[in-house]
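The letters A, B and C name the chains in turn, as written, and every chain counts its residues from 1.
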Amino acid sequence: MLDLDPLVITLIMFASMLVLMAIGSPLSFALLTCGAVMAYLVYGDGGLDLLITSTFSSMDNFLLVALPMFIFMGLVLQRSGLTDDLFSMMHKLMGQWPGGLGIGTVIICALIAAMAGVSGAATVSLGIIALPSMLKHGYDKRLVTGTIMAGGALGFLIPPSVLMIIYAFLSRDSVGKLFAAGLVPGLMLATIYIAYILIRCRIDPRMGPPATETYSAMEKLASLRFLIAPGLLITTVLGCIIGGVTSPSEASAIGAFGALVIAALQRRLSMDMLKYVMLSTTKIMGMLMWIALAAVFFSKIYVGLGAGQIVTELVEDNDLAPIWVIITMLATYFILGMFLDDFAILFITIPLFVPIVKDLGYDTTWFAVLFVLSMQSAYLTPPFGYNLFYMRSVAPKDITIGDIYWSAIPFVILQIFGLALVVAFPQIAMWLPGLLF
Amino acid sequence: AACLGAAASADTVRLRFHTYFGTEIDDIAKEFRDAVKDRTDGEVRIQYFRGGELVPSDQLVDAVAKGTIDMAHGVGSYWSGQVDIGNIETGLPGAWTTIEEAKEVLGRPEAQALLTEAYAEAGTVFLGKSYGSDYDLLTKEPITSLDDLKNFKIRATSNVAKVLQQFDIPTVSLPGQELYVGLSTGVIDGVIYGSAVDYHHLKLNESAKHYTRLNMLTPGWTETYLANPDTWAKLSDEQRTIVEEELANFAANVEAWLNDGNKSFPDDIFEFSTLPAEDTKALTEAAQSVWAEEAGRSERNQKLIDLIVANAKAQGRL
Amino acid sequence: MQIVTRYLVIQDGLSEFLGQVISWLTLAMIGVLMFEIVARYFFNSPTIWAHETGTMLYGGFCILAGVYTLRHQGHVRSEVIWGALPPRVRAGLDVVTFSLALVVLAIFLKLAIAFAADSWAVREFSNKSIWQPPLYPIKTVIPVAVGLLLLQVLAELVRAVLTALGIAYDDPRRAEDEPADPVLAAEALPDQPTESTKPTGKDNA
């Protein structure tokens, strides 16, 4: 058993993990391998047993039952043609305004975010449906791809949110409270995007020319029917959680069941679709669970080696003003977000950061919102950003990867602006939970 | 960071001490760590981990046995699925009504021998116990009798829930972190979770103000201290004595913090009331089936239950 | 090399079969929780078992699902550097990755078997609610899942070794994971979104 300085431990653990990830190891395997090597060489007796403890505690938590349910629900809705319907509605209602389709896209993203627990749902489906349509209408390709990627990232901020459920699992916050705290910042960010599109299109109308098709008032009114099903589902699920009718996990089951009912009513429910949804949920949850148990194991080994104290001591020794500690953490998130998966960042940093946030006297619910806001940017910052990957996989050939990277930049700046607002005015996040609970 | 590294010389023993408490007792823990370090000239260092930091509270025994941690401070009912005696030593409804009584019963040599034996079987060294505090009901609406509870959903765990069920009182199990939102939104109407200090710590008084003393079980829980046998054997006799003495201090401080806090609890935060004596008696009687069930799990459990029954009879409660 | 192909077909088939079977647990979870909600609100008689059953279904489902995820190459990896390398170099790096994983999973399997055996030995039960169900069945799922994942990792290792050495073999999975043309993918997506959005497979929800 080696006796190492916490700083050395930190360097070895994180450097070796980054090396493994660089050579293309799946994240879960990289975390498992580094954790196991450190456990065997440095921890002493019983270090490896933390692997089994971490596994069982990741399996044995009622909160987490909501994860597959919300993913299932999102997949059903995606496959039931909901995005097509919503986009055709937005086209009829707002197409003739400059930038109207872009604004409609942000609104659809917010609606999908309120139904799906993960980010990326909206990016993929709008990338297929809205992207070609907006390009055809002469929209600027960078404005369009940026809008879809940024809007798609809202999925984790606007409740329900898988990321928040796992945060709550690690920080022992209430899921309902976190959900309530994410709602206003999510809507605020959507509004910021809309304002940005309006301003860009006002300055240069060629960015988002009005559509030439015209629709009668009746047609417009009739298209609003597409809001009924998602409206009902959103109200029911969020109402159950925030209104305290059921636990979040039960509400997630209602959401999944409700999505199946909606698909059936629209005659889009089939055995093929059901199998696709079930198997995709299986594939996603297999990945999430193995990252979860590996990352919990990795971070427990790290904390157990006494290296977790290094973070606390750095904070104490440097005598930083509390708000600078928070800003440093957020800067760390921004940099990690360029290279790492959001769940990896969550599992590795939250057990270290949350006790410090508590010690400094800040509300951990507020910090949860700051964290999720930071992860919004992580989805858009190269080189590792999910929405960049999604966009690349669905965008037509004449949109280069360079276009996609460039298109993300203004939206990342807007996200940082939104984050700064919530740092400066915590009430943006805390007002709704304060009002409700 | 630099001092941590430099001080870690070859003959320093680091003990991973894992409590089930969150941040509430950080000051007491710091005193304990400093005292052990000073008295052993820095040869024994306590590395302190809060609830859930390394292992979940229900896996503390396993973690001590395997050497993942060296010492644990937890509650028997969390791991009663693994250690037969866990529920009884934690406290069954009606088992005792004062801390002195609990200390007297569990402090007897026969009881200590049973505990030592049970934890040795689980691969750990039993170091001792400390005693919790009040364990009462907190509700959103005032109650005057058990009958009032029939339309309430009460969050209660395991053995208390079993007793309430005999009175047709619906119980729910909900994790501690959901209590605040659960009460404020009405998922539950009341909780049986701990004492006024605990409820105030969770800010439950913001939505539920009515604190009803059940007089069913005081202290409502007891705590157990365990060590890994190999680690414990590696310490010198002197070091062991120091750790044991400081652990006793730590236990006494935690106990005092809870009980002093509850005794001097400001009157204006909760509305305090007490359950009628006949209801308390009915609860104790209903609890007998739970006592019998626990006794049935093993011969050892039967022996400990016999001790508790004898005591209850001597006190005139049975 | 026909024997390798046959081995891969069997191994992939096993993981595929597992995934197909456990995918039904998603509906079981919905069913159990909906039953609880209906029982509580419409019949005013909450169950004592729904929450813990739901949790056990969740835990068993997710840990087993990892095998299916690997068979479909769905465990998220960073492709920043790895993806830019020539296929044989990538395969060489995969040999490192999967060999390490094999060792770690072997240790994991040993620990998981001991963990489950301890639970069987004391006939461990849960003390979270008054239902007090036995815990050894769900704890037994862990070694099963780790063992099955180990087998699939072995198949991945065989593929990587052969590719790295430049030995030609017929990979039964090849038809599935042709890198999709982005334009074709976009058109095909409404019907077949799984494979074409594959960079991560995480949240194509």
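Criterion: contacts are C-beta pairs under 8 Å (C-beta built on N, C-alpha and C of every residue); 3 or more make two chains touch, one makes a residue touch a chain.
Every value quoted in this text rests on a predicted model; they were computed, and no experiment measured them.
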Contact-richer chain pair [A-C vs A-B]:
A-C
Of the chains present, which has its C-alpha mean closest to the combined C-alpha mean?
A
Farthest from chain C by Cα centre, which chain is it? Let me know.
B
Please work out the Cα centroid separation of chain A and chain B, and write it as a whole number of Å.
38
Just the number, please: Cα centre separation of chain A and chain C in whole Å.
22
What are the residues of chain A that contact at least two other chains?
49, 56, 60, 62, 246
Taking each residue of chain B in turn, which ones touch at least two of the other chains?
62
Flagged in chain C as touching 2+ other chains are 51
For the complex, which residues does chain A have touching chain B?
3, 5-8, 44-47, 49-50, 53, 56-57, 60, 62-63, 168, 172-177, 242-247, 300, 303-304, 306, 309-310, 313-314, 317, 351, 355, 358-359, 436-437
Considering only the defined contacts, which chain C positions touch chain A in the complex?
19-20, 22-24, 26-27, 29-30, 33-34, 36-37, 51-52, 54-55, 57-70, 72, 74-83, 90, 93-94, 96-98, 100-101, 104-105, 107-108, 111-112, 115, 138-139, 142, 180, 182-183, 185-186, 189-190, 193-194, 196-205
Residue positions on chain C within touch of chain B in the complex are 46, 51, 118-119, 122, 124-130, 132, 135
Under the touch definition given earlier, write down the residues of chain A that touch chain C in their complex.
20-29, 32-33, 36, 48-49, 51-52, 55-56, 58-62, 64-65, 67-69, 71-72, 74-75, 78, 116-121, 124, 127-128, 132, 155, 246, 249-250, 252-254, 256-257, 260, 275-291, 293, 339-341, 383-384, 386, 389-390, 392-397
Give the list of chain B residues in touch with chain A in this complex.
1, 4-5, 8, 10, 14, 16, 22-23, 47, 49-50, 52-56, 59, 62-63, 66-69, 174-178, 180-182, 184-187, 207, 228, 230
